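Should a chain be cited, it is by its letter among A, B, C and D, assigned in written order, with residues numbered from 1 in that chain.
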């Protein structure tokens, strides 16, 4: 009885630290596969979080959502990514505009910024503060990854991280939206990823590379 | 009565104009130590030309023949604005100076066309120069008249004359002096006199008026000569009426009229003498110096108008 | 229940058409279904006009505003389908590029857009909006050329990111609603939310935050500068009918979504805040797009930028609010759809006959394609807002609203931009249309389908430019009433 | 009633697309004739009794699309009809001789759309109707230009025309809408009511907007750039309508605003208009003298005459500002009459140019000459047009210029030194303009119609066909009629001007001129009869060539040579950029050939317009650079926008 509650409370308070770690690691990661792994780890943390909250708030839906997360983000999508890497045979390195150290520092800055943001904006919200901060940080990191990384695949990862952040925000503030909406969002994300995968193949076929910063025929 | 008098004045001026021309020529001759032609010579010329046959260039159209007629007609009409003996004229009270000026322009326009119609190089040259001179002469002429009109607060020549008559020579304003200078210069230009144009020359570098009429002969030429004589008379009459009308008959008594005639003749003679002096004293200006000459006139006119405003306060 | 019909038809059409191998039959079926669709939409609009808002379950609703956008959507989709029936003739057979794929995707796209308009739940609305991106991404990349793939990728990524922000905004709004004590089931329903506002106090700070995220997110879809970057590429690279759909329907739907939020937010924190944002984005859009129109080299990009400009004008109208502003803005969305689809059809013909839409390579179009030139000329005259075409009226209405509120900055910018855009269009079109043609003058006559399309569009432009029918006018007023 | 001109024109131009009317010229001309005559009749009636007629064809929600005619509108409607009727007559054969059947249909349709739209402008009684008709007017004229052809150069000119017109229209739209906060409606009545009680700032803005907007259409220097480019490249009937009527519509708009809506204003309004008018008049005529393309020359003369009209309007505004209503009425009446006169003689001259180009296929003065003998009627009417435009007595131009002159004299009665000096001095300016115009038309008529032909085409020119002559004769008759019997025409115009400026009594000067002129005319004719007795029989002899044989037509003064002295005197105005090429270039002292030509581009384009346009385009190119094809940058834009908005919300919101 008491044990679970306390652990639940612990997890509630501590998970954000792990999230920050994953963020830093992702910012610094040089290999693509590492990024994917970190992403699934991140999703796993969030899944646990959802489950815990579900237990905490006695919400049946939450377990479904957690299961979905595990199914999709922890297992499904990373697996798909690894298959993708196999098939594309593209070099594994992440070509970044910024060096690993710089990226790490940027991540740190963004975490700090996110705390500031949470303090200033969501001041009235009685949600676990660092949870919200983690969410914002995830959003910012996702955006940062998409902006700084040149590989199409990494942009997809960035997008996923961004989604995670938003999802987390919804979770921590309002214990999730109505289930059907959640499911719909999941579905959209999934389709979006499929499409992006499709486009990645097309890019590979038409351009012989996956460097989005070289796709600059359309301008002006 | 007044109408009859007006007609009489017009007739006098129209008939007497060549005489004035003759007098000027004679005076010039005297000044240049020549014997010179008799003062009646212009009449003889016109008479002779009127009886010659009318030679027309092959390229000429109706305008060629029409131009001299219109020139003469408009010149005669213009004289109907000017009071000579008494302060009244046919159109002097009803019509105003703008109409008068534009009537002169009418004739000039057609004469220039006639000059071009000849189809020779000289006609075009003369027309072009005439166009330059007359287009530039119009502004100072009107400005001078406007100044006087504002002073007299009347737009009709008779009104202006009346205003001048009511004052004596000494309380005539600076406006009048300036306006007189402007109009005087314009008069020289309009009548094709030295230093703007030389009526006696046929040198292609210098001639303006003569260039235009080079193709004309016989009656046409006679009309043109007569018209230009009338113009001279008109200008002299206008200057007198505006700036020195004293001596005009205020009543229709024979004595007054007689006095008026004498005064008029004296004043005309004086102006003719002045003209003669100027013409024999000054050399003709270069073609492109004429605009400056007229520009000076325009400046005088402008200053005159400005003074009308300044002297109100 | 009637609200389910259009969605049903659309999804059914998508499935059926996907199964039809023969392009000819696919075309026919598509036309039939399109007709049915338009009919149903018209019926919905009529019912809304007669009996007010319709609802279906918790998740579908249609009120006056919806009805107006539905009319626009139905009419434009009809035009696009008719035009496509002639346009897709030479499309290949291979995977993704065959007519069946095309039509299936178009109907899917249609489905999602209908969903956006009809959904009563902001969450569902978001899902559908994301769906539009997904459904149209393949259409944008339809030709599978380098440009098409690049455009598709950019479209997909940029819009997804933008939409993600919109989701965050939705969540924040939801949070605000829930914390104000509204039941979670009702907290995302725009009508219930709007009605609840006077009674329960939402945290204005959160609502503002939500609106900022939403306007950036859905603004990306509308094509507000500076989030517009995907728009020219997508419009330029997509097949002409798709470009027409994107420009004439999708942008409007995104605007519609924005209006829903604007409605709620302005009830909570007063109209000043959201309307100022709309004005700012509108002004940015018209100025930047207006200037960029001058220096375009590609006809379809030119048209795309003009779409941005017109969305900006509409946004300004909504931002100004007031009777004339709303009226003009709504009317403007409709007029813009007509004129822009007409122009895109013309551009499609040009691409098919001349093989390029690079304006500096096209000369003497009047000789090569006289009738298409007629379409382009009329569309051009209409799009720059000259009478007797209806855009003049809507722009005039917006202008008079701006002036009568003495928003002198806005009105001046608007007037100047309109002149600049006029100059740009005039310059480009005259260079294209006049002159000596490079290729052989072939007197290609319009297909009957193209005649029909052009006829309908021009008729609408002229009719609403000369006299706005009573019924339509009332519908406009109803839609505007929703916004107040 | 007066408005039936508009619908009937509308129907007639719709019916044109019916193939049966392939040669419908006559029938349509007849239709218009009836319509316009009806309009004139109705117009004339209620020009005297100042009743207002209303028409409301369609309630164009949300804007009233209403028409009604007050006296001002009627006056301009009559002007439109009086010009468009002869022009239509002229066109009947002109169009048939010049265009293919397909183009004929379009040309007729556009011509009548053009006329109808102009009628719509003057008949409009709400800002919306005004603007719609106004825009259609511009479009129709552009279409007419486009029919004539679309070569590169013409295209450029047309582009400039449309662009400037549109910019001007924008100003006009703004001018109307600025009223909105105060009048709450665009109906003229409401605007008029609001005009009385405007705050001075708004009043100033309004006046400047109207001045710029209508000035662009009227071709006030330096907004005239389009005018000498657009008018010459239109078909001659269209040029006649554009120069003769369309510019007047702009004048109408300005009068409507400055006098009817605003009811005058501070004196500097007047001085602004006055100075603009003086500049346009002088520069316009000077540019005209330097031209040798007849239609361009005439276009520049339109600039000059618009300048004269604006002189009158400015004087009237000044008088109103000093509350000298009667003088104001005189000046305004002069301006209005000159508007009518210019419409008549300028369209006459353009039609004459059309007749010339019809028989010689050129309007280049250097290639003409000796046409008077070959096309006497055209020559005669053209001469009448010349006499009218330079304001010779007994022709209509004189009457209006005379009235403006006299109003300048009236300036000396005001109690304000500026007015006392400036207005009378303007008389000098007007005189200079008149003199230069006279010089210019000596050149035009002398070079084109007199002397010997300078080219084969001119050698074999033949008289214009009947309908063209008829059209021109009508206009010429009108010019002379107003010139010798001004009284009948002055009365309604003066009363109109009175009602506009609220003058208690009619200015006495108008009665004076009305009474004098007929007498002068009579005397003139009598004297002519008398003097012509002195003429003798003619004999043809070759022109004097200094005794040398072989006088060729190349020895005549050309148009360029003729205008040389004036161009020399006013050299500062022209800024001609001369090109002198010596070939071969390496040996300048022993050239094989020297080619010389001087292109006189007005420096406005160089100094005023180019920099502006280039600036805009440069800005656009800078913006273009922001659209780097790089998706990462695009994402950055979005994030930056978001963040900046958040910051705004944090610190401002």
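Couple of notes before you dig in:
We take it that a residue touches a chain if its C-beta (ideal position, glycine included) is under 8 Å from a C-beta of that chain, and two chains touch if they have at least 3 such contacts.
In this text the structure is predicted, and so the values were computed from the model without any measurement.
Steps from subunit B to subunit D, taking the shortest chain of touch contacts, total 1.
In this assembly, the chain whose C-alpha centre lies farthest from subunit C is B.
The largest tally of C-beta contacts between two chains is found for B-D. Chain D has its Cα centroid nearest to the centroid of all protein Cα atoms in the structure. Centre-to-centre, using mean CA coordinates, subunit A is 102 Å away from subunit B.
With centres defined as mean CA coordinates, subunit D is found 44 Å away from subunit C.
Distance from the subunit B centre to the subunit C centre is 79 Å, each centre being the mean of its Cα atoms. Centre-to-centre, using mean CA coordinates, subunit A is 32 Å away from subunit C.
Residue positions of subunit D touching 2 or more other chains, listed in rising order: 624, 627, 629, 631, 635, 646, 649.
Shared interface positions of subunit B, i.e. residues touching 2 or more other chains, are not present.
Within subunit C, residues 150, 153-154, 157, 161, 209, 232, 292, 295 each touch two or more of the remaining chains.
Chain pairs that touch one another, listed by label: A-C, A-D, B-D, C-D. Across the complex, subunit C meets subunit D through its residues 150, 153-154, 157-158, 161-162, 165, 208-209, 212-213, 215-216, 220, 226-227, 229-230, 232, 273, 277, 288, 291-292, 294-295, 323-324, 327, 366, 381, 386-388, 392-393, 396-397, 399-400, 403-406, 411-412, 415-416, 418-420, 422-423, 426-427, 430-431, 434-435, 466-468, 473.
Only residues 121, 123-124, 126-127, 130-131, 133-134, 137-138, 141, 144-147, 149-154, 156-157, 160-161, 164, 167-168, 171-172, 174-175, 178-179, 184-185, 188, 203, 205-206, 209, 232-233, 236-237, 292, 295-297, 301 of subunit C touch subunit A when the two sit together in their complex.
Remark: subunit B residues 50-59, 61-65, 69-70, 72-74, 76-77, 80, 91, 94-96, 98-99, 101-103, 105-106, 108-109, 112-113, 115-125, 127-129, 131-132, 134-143, 146-147, 149-150, 153, 155, 214-215, 218-220, 222-223, 287-288, 291, 298, 301-302, 305-306, 308-310, 312-313 touch subunit D in the complex.
On the subunit D side of its complex with subunit B, the touching residues are 370, 372-373, 376, 379, 383, 387, 390-394, 398, 402, 405-406, 408-409, 412-413, 417, 420-421, 424-425, 427-429, 431-432, 434-436, 438-439, 441-443, 445-447, 449-452, 512, 515-516, 519-520, 523-524, 527-528, 531-532, 534-545, 551, 553, 555-557, 561-566, 568-569. Chain contact summary for the complex, subunit D toward subunit C: residues 58-63, 128, 131-132, 135-136, 139, 150, 152, 155, 158-159, 162-163, 166-167, 170, 173-174, 177-178, 180-181, 184, 186, 616-617, 619-621, 623-624, 627, 629, 631, 633-635, 637-638, 640-642, 645-646, 649, 653.
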